[in-house]
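Look at the two complexes coming up: chain A is in both, with chain B in one and chain C in the other.
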Partner chain A sequence: MGVLDVLFSGQLLFAALLTGALYAIVAVGLNMVYGTMRLLNVAHGDLVMIGAYGAYWFFTGFGLSPLAAAPVVAVGCALLGLVLYRLLFAQLLRTTGNPVQLEARSLLLFFGLSMVIQNIMATLETATPRAYQYLEVVYRVGGLAMTGNRLAALLVALAVCIAVALFLRFSVFGLALRGVIERPDAARIVGVNVERVHWVSVVLGFGVAGVAGVLVSMMEQFSPFIGFPFTIAAFIVIILAGLGNIAGGLIAGLLLGAIEVYGVALTSPNWRSVLLYGIFVFVLIVLPKGIFARRGRA
Partner chain B sequence: MITTLKKTRRHFLSSVLAGCAWLAVGNAWAQEDPVRIGFAISKTGPFAAAAQEQIAVYELWKDEIKARGGLNVAGAKRPVEFVEYDNQSKLDQSTRLYEKLITDDKVDLLLAPWGTPFQIALAPVVEKYKFPVVGNTAASVAVRQVQPGYIWFPTSAIPDKMAGELVKMMQQNNVKSAAILSNVLPFTKELKNFLEPELKKAGIEVKYSTEYPPSIKDMTSIVTQIRDAQPDAVLALSYPSDSILYEKQAHEIGIKAPFQFIAVGPSTHAYRQAVGAAANGTVTMGHWSPKREEWPNAKKFNDAFVERYKHEPDYLNASLTYLSLEILEQAVAKAGLDKEKLREVISTETFSTINGNIKFDGVQNTITPVAFLQIQDGSLELVWPDSLATSSWKPKTQ
Partner chain C sequence: MKPALLPGSLWAVLAAVFLVLPFAQHDYLLGIGLSFLMWLALTQSWSVLSSMTGYISLGHVVFYGLGSYTVVVSWQQLPLWVSIPLGGLLAAVFAVIVGLPVLRVRGPYFVILTFGLAELVKYVLLAVEAAMGVSSRLLFGAPDLVQIYWMMLSLAVASTALLWFVHHSRFGHGLKSIRENEDAAETLGVPITRYKLWAYMLSAVIPGMVGGVMALRSTYFEASQAFDPMISINMIVMALIGGGTTAMGPLIGVAFLVALSELLWTEAPQFYMVILGLLLVIFVMKLPNGLLGWHEARRRKHGRAAL
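== the complex of A and B ==
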């Protein structure tokens, strides 16, 4: 494709927006959990997987549309988050003071959790790939073609990311959360209930990951072992955006989607990983606090 | 005195009864001594999804053996017992586990792991321990480099032969130009390497060709360029997840090529469930169909699989797995569990399977021809070669 064809292609723009919005919604939850507690949740992609199966169960078992099932799946994942927080994370946070040690311990904890989640799902559902068809109708506007489920996934992902970003930007809880991310000790001194911020972050983060899974299930085949690439993508997005920067995460997700889609169109599909990880490494070296980090911010 | 006599008689009777009971139980135990069959397969990890049908067929076969009263071991029926491990989708783990199955668990028979690299990696192990194993889900020209002796590969879907047959089929259906998109993984890359010269030889113009990584998540730019090139045929040399990605995006963007071949995936139920009507007209690799009535037990196997798992078996991997078990079963019935006798029987005999007769020359099946399936109205039909066809090829319209 010529450069101009690429730049003015509505089809590529749609693909870039969709890819980016999915990256962004997957990253939102991880950003909240990692940002507020420094818990390296490498099981984050497995929550996306649980969300996908949740939608599948509602769709095949009760004929419930995935979009209608999304809130129920989100609540289910949020409850799972709450239970895990009470049983595991709170204990880990209480007993580990040093952030570096906390990251190392949480990495082990979540690695184990990831194994457990995958194997429970494999026992429940076998590893046979699952899929279903929903909103397969193709809408054509001029030269642009959009399958209904991909369009719906784009709109829902953008809406959820914007809603979470606005909530955290304008609510008192959002202020507290940002305080905990930036200066946890100072936030505690000024009266922020840090524990409450922690569990609400887990609940919100897990719930949004569940919704991301619902959207993925509408478009792709899934199995109990699909989670890891989502975890990696989410880590790239939050490192690009800067820790705890939810609005920045949305932009970083879209940027990553654009790099992937336009980069591949302008070079070769084999350059996909080089482009994605190249940007990742470049940002880590040149802008270690993320591309949206404010000057002077810790 | 009388009392003593009675006591002695009672004691004698009870001793005899106890002895009889012991003999009966002992005999029953001897009869019940199970044939231990071992395998290590990808139950977790990246290949777990692909290995599921193979595991499902192993389980189905085990229960069928049980229902038939046991495995016929040179005339004696014996129950079977699986000794199974998860290789976590790791090659080194797989070979270690097969060594353990042979030397530590001392199993009587082995079943194959899932996939070409795992079965090729198993070859030196079974060669070392002189332990025969019938392969199934392996397809590569590399299998011919395996030293013949203790492992056999029944599929005819080997890339070099398949490339030639696919091009013949394209020529027969007036294909003058093609676009190729290929996953860089070994099997599809191998297929591409054999296809390109065959296409050139046949005078089919390649209007577009690209490779992509397995991690691909969006094919918009590839599919848009294929649409703009307007080829008569699209050859998607892809694996299940990217096969679905291609088919869905081709449907969305509007690829009109009447001949569309998708290498791996469309033979599975999961693929047709994911893609739906958009999959109609897609051609894929596969040489089995339950509709071939002259293949003994083909329909019976299909029906049993559907009844148990509530979906159709993979026409490629599930049928290959089942026929590998049929070969093993027939060989054990003739040779028993002696490894050398088994090797001799498998190497020389002709076996009647759900895919027709199979006979090996070296490591390869010499009877089953290269064949192709097409999805027609949601069902799979053999469309190539004419000698096996259950339906004729139809241009893809969606």
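== the complex of A and C ==
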């Protein structure tokens, strides 16, 4: 098969869509947590990992299908978020005034949390990758072959992203959330309960990350250490899309997925991480203010 | 600055202990001494950039790895007294090349950028090595532990001296002004771009050489180990536990973590990582200025109470 056949195959397009939708759904949660609180959650990918193990436990323990387990896993991750918010984040937000300092401190805090989460999981489940088989039936449309689990993952990821985007666009909470992202002080003055926006963002963001983990576990094997590449991808997506811009995040996620899938198809799987980190470094250097460009104008 | 916590006698005792250690003929103790000196050399160098300027590097392992790679690739082609300094030199050159764009990025973005950059270099090397059909490289006939120990001791001394000189120099005061308020420092005429680049370069040289020496210790090279992000994380945690900008802070942190890792790392590595993570959380939340900062704050409070 020539290069052009590879590029124009429906198979690759499907793979790109799927990767992109996954990145988008992972980024949704990070966007809310980072956007509203300026907490640089580098442990975000570890919630995806927890979600993956959650689905695995329900599947192997109770024979529960991952799609049915997804809401339960989401609630579990959301509760974890609530506990961490009460124990750590709220205090960090209260005691650190300066936003630059807050971001630096939160980064180290989340790095510590990430190490704790990964290694507790590695102690519980060993570092050996796990996987289970679910919906392996193959659907064919024209020349395109899709397994049921991948198709389901794509549809769920897109549905969740669109649902969150619509909710934030049209609900009062969404308005408050955008207010807190753009002008936290002004939002407080006009009567927005900023603390409530904070904890709801943590709960929603962590829950959605858990769902993303369930989707990952349906298709690929996972270990306690799969989280970080997802965090990196999510950062690329929110920097490209801008804070609070969930719909833009969907487009940026699909773009990143396409670059990765087509890039790997043209080179070799060895270059996948090179490509991901390369884009990450490039985006941070070329947009040195990253998301702050918006704040500078305001 | 009153050196109340920096008694010269402590450093003298420490130097004496490390000078005598190789003559004890005790490989286990010598191994611990070596790892202490390695972390001291790395963390003091890291402090030249990160404690002084507040630009926290989460990717200093990249210099270590480059130095390691230099020594391994030139093994038996260049003598060690050339290849180890060459590793340091290449690390510094790399710092200068990437420094200009990277140091424009501020705050937490700098932190994750340095991490991403180190991982990028690691994966590029892994892909290149895989394309060449090399998965790991072995070193035959590396020098023995005592020789490696002497090399590391000189690097640790050099690194401590470097931090001491920077801390007490005009250059160092410039760096500290960048940490306190970069824009104000620039307005007052501190050449911030040049200073940051110098700090970045200076903080890269010794880690490059340490990486080269540690390649001799492990006698093999694998990119995923020589560029292990844990090495960067250890440096941060050590500096954070100690706190402060003097050479004393890293010493406290290094002593604490080397003891902890000696107790736990081989027996229960995952437990060690959990402890390390918890330490990060606790220090960020409760003691952001480290043990040294906590001690000084207490002293000040008691001093005032006495008045």
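As a convention for this text, the second predicted complex is superposed on the first by the 253 of 298 C-alpha atoms of A that agree within 3 Å, B and C clash if a C-alpha of one lies under 4 Å from a C-alpha of the other, contacts with A are read in each partner's own complex, and residues count from 1 in each chain.
Note that in this section contacts are C-beta pairs under 8 Å (C-beta built on N, C-alpha and C of every residue); 3 or more make two chains touch, one makes a residue touch a chain.
Predicted model only: the values in this text are computed from it and were never measured.
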Partner chain(s) touched by A:V138 [first = chain B, second = chain C, both, neither]: first
Which superposed partner A:M146 touches (first chain B, second chain C, both, neither): first
Touched partner set for A:F225, first chain B, second chain C, both or neither: first
Touching partner for A:G10 - first (chain B), second (chain C), both, neither: neither
First, second, both or neither for A:P71, with chain B first and chain C second: neither
First (chain B), second (chain C), both or neither touched by A:Q91: second
Chain B versus chain C as contact partner of A:N119, first or second or both or neither: both
First, second, both or neither for A:V42, with chain B first and chain C second: second
Contact residues of chain A, present in both the chain B and the chain C interface: 118-119, 122, 268, 270, 273
Residue numbers on chain A that touch chain B, as the complex places them: 1, 6, 9, 11-12, 14-15, 18-19, 118-119, 122, 126-133, 136, 138, 145-147, 150, 219-221, 223-225, 229, 260-261, 264-265, 268-270, 272-273
Sites on chain C touched by chain A in the complex: 54, 56, 58, 101-102, 104-109, 111-113, 116-117, 119-120, 123-124, 126-127, 130-131, 233, 236, 240, 270-271, 273-274, 276-281, 284-285, 288
Touching residues (chain side chain B, partner chain A) in the complex: 43-46, 48-49, 51-53, 56, 184, 210-213, 215-222, 224-225, 240-241, 244-245, 248, 251-254, 270, 273-276, 278
For the chain A and chain C complex, residues of the former touching the latter: 40, 42, 88, 91-92, 100, 103-109, 111-116, 118-120, 122-123, 232, 235, 268, 270-271, 273-274, 277-278, 280-281, 284-285, 288, 290
